[in-house]
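Starting off with a structure, shown below.
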Amino acid sequence: MTRAAQMLETYPGDFGFDAAALAECIAACQECAQTCTACADACLAEEQVADLRSCITHNLNCAAVCTAAAAVLSRQTAYDDAVTRAVLEACAAACRACGDECAHHGEMGMEHCRVCADACRRCEQACRALLAAAS
Amino acid sequence: MTRAAQMLETYPGDFGFDAAALAECIAACQECAQTCTACADACLAEEQVADLRSCITHNLNCAAVCTAAAAVLSRQTAYDDAVTRAVLEACAAACRACGDECAHHGEMGMEHCRVCADACRRCEQACRALLAAAS
Amino acid sequence: MTRAAQMLETYPGDFGFDAAALAECIAACQECAQTCTACADACLAEEQVADLRSCITHNLNCAAVCTAAAAVLSRQTAYDDAVTRAVLEACAAACRACGDECAHHGEMGMEHCRVCADACRRCEQACRALLAAAS
Amino acid sequence: MTRAAQMLETYPGDFGFDAAALAECIAACQECAQTCTACADACLAEEQVADLRSCITHNLNCAAVCTAAAAVLSRQTAYDDAVTRAVLEACAAACRACGDECAHHGEMGMEHCRVCADACRRCEQACRALLAAAS
């Protein structure tokens, strides 16, 4: 059991989501934030960094949004549906855009972009699963 | 001229927004992030902290989203309209919810909540102004 | 293998740390950031929230510093030893203080604080291990 | 009066720092975080991006640490001296390193780096002033 799942088990109140889906989305947001930060850094180290400008921006934006989403999802006290949904939509949008960009470079042989695209896809799916469950 | 406006003047490319509106939105996001962080802390120091749980959560969520929005808006290279719009929507939603909550406590005499509500209103308006300009 | 370890394997340059120690520290920082965010939220939901003010502040500070440390450690291009060391020291200090506070409440029966203390101890140790390796 | 100074005026408890010095340091951290984020983005847009790799990394690290420092300084409830000092040291180190790097590129004609160096110097000084006052 992950620490995030342990924390949900010890939470003294109720929460609106299925615990497993919520723990998965938090984990996916954190993984995606770190992977995107590392992918931006790896792109920066590549010889053809000039061709990776768009990837670096998408990586950094996706990392920023995923970090915020992980924090918002980790708070269940006084849960607000409208805020949570808007944050999940923003996170899914950032993951979609970054995942598309990284998948393209991954097909060209950039391994860090291929790994990053996987993290973005997992996170986008986890956000959309929570959105579907919340509606 | 703020440092954010100076940075926009020295940016080597083009950007899709009016520079003054963009600088105002970045400044408003940063101000709101700090004010919300400080308001959560002031609520925590109040005797009636138990009545301010919802305010603290809104403050912390709003601070997280405003921080992410300020970072995304500060990046103009390889600008992505869908990501920016989703982030602005999330920021406006967080500011709306936090501003409503803080305004309520401000009317009850909580001065830090009154100041924080002002920061949330300014930020929500700045986000909506950029959204209107981008459409 | 974690995604962080995969990203280190695909990094196109060299990095100064042992890959396993670096991946462990990044993972520990991320886990601690999330656990502390969730612990602050669980403390806020407790009836005796007024007795947990110090714990909430420590949680929020530790989460902020761990988030920054995870990001700095995820960047290896143009690695700077002085910055990395100062960030690791700050992260270890925040984890030490938060871990002590949470361990105290954990002994009193607060389960989320007990779990959080474990995350703080793991992260402090991982930061100190990297500091020792870097010297 | 800035909103940060207003928030300090409405804080219901005491705080260990001179209010003006604290408000200046919070403002400097926030300004530096935004300026560094924008400078990384401007560097990325430059033709000679390959020569600016080190500057981009310093910018991103400095932005991450300044964001964390602004948040920690914005919390005065259950103030912890050891954590605050370690965070201020980390912020001063990140600002020193980024300021040196940006000053170098500023002298070569990169205007955004020149502006960013000013923000880093202001923030480093504000952190050191608080550290001196706290000792």
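A few notes on this one:
Every chain is named by a letter (A, B, C and D) in the order it is written, and numbering of its residues begins at 1.
Just so it is clear, a residue touches a chain if its C-beta (ideal position, glycine included) is under 8 Å from a C-beta of that chain, and two chains touch if they have at least 3 such contacts.
In this text the structure is predicted, and so the values were computed from the model without any measurement.
A turn of 180° superposes the CA atoms of chain A on those of chain B, with the angle given to the nearest 5. By count of C-beta pairs in contact, B-D exceeds the other of the chain pairs B-C and B-D. Using mean Cα coordinates as chain centres, the one most removed from chain A is D.
Distance between chain B and chain D, defined via averaged C-alpha coordinates, is recorded as 19 Å.
Per-chain Cα centroids separate chain B from chain C by 27 Å. Each of the following residues of chain B touches two or more other chains: 40-41, 44-45, 53, 56-57, 60, 67, 71, 75, 77. Partner chain D is touched in their complex by these residues of chain C: 53-54, 56-58, 60-61, 64-65, 67-68, 71-72, 75, 77-80, 82-83, 85-87, 89-90, 92-94, 96-97. Against chain D, the residues of chain B that register as touching in their complex are 3-4, 6-8, 10-13, 26, 30-31, 33-35, 37-42, 44-46, 63, 67, 70-71, 74-77, 111-112, 115-116, 118-119.
Contact residues of chain D toward chain A in the complex are 40-41, 44-45, 47, 49-50, 53, 56-57, 60.
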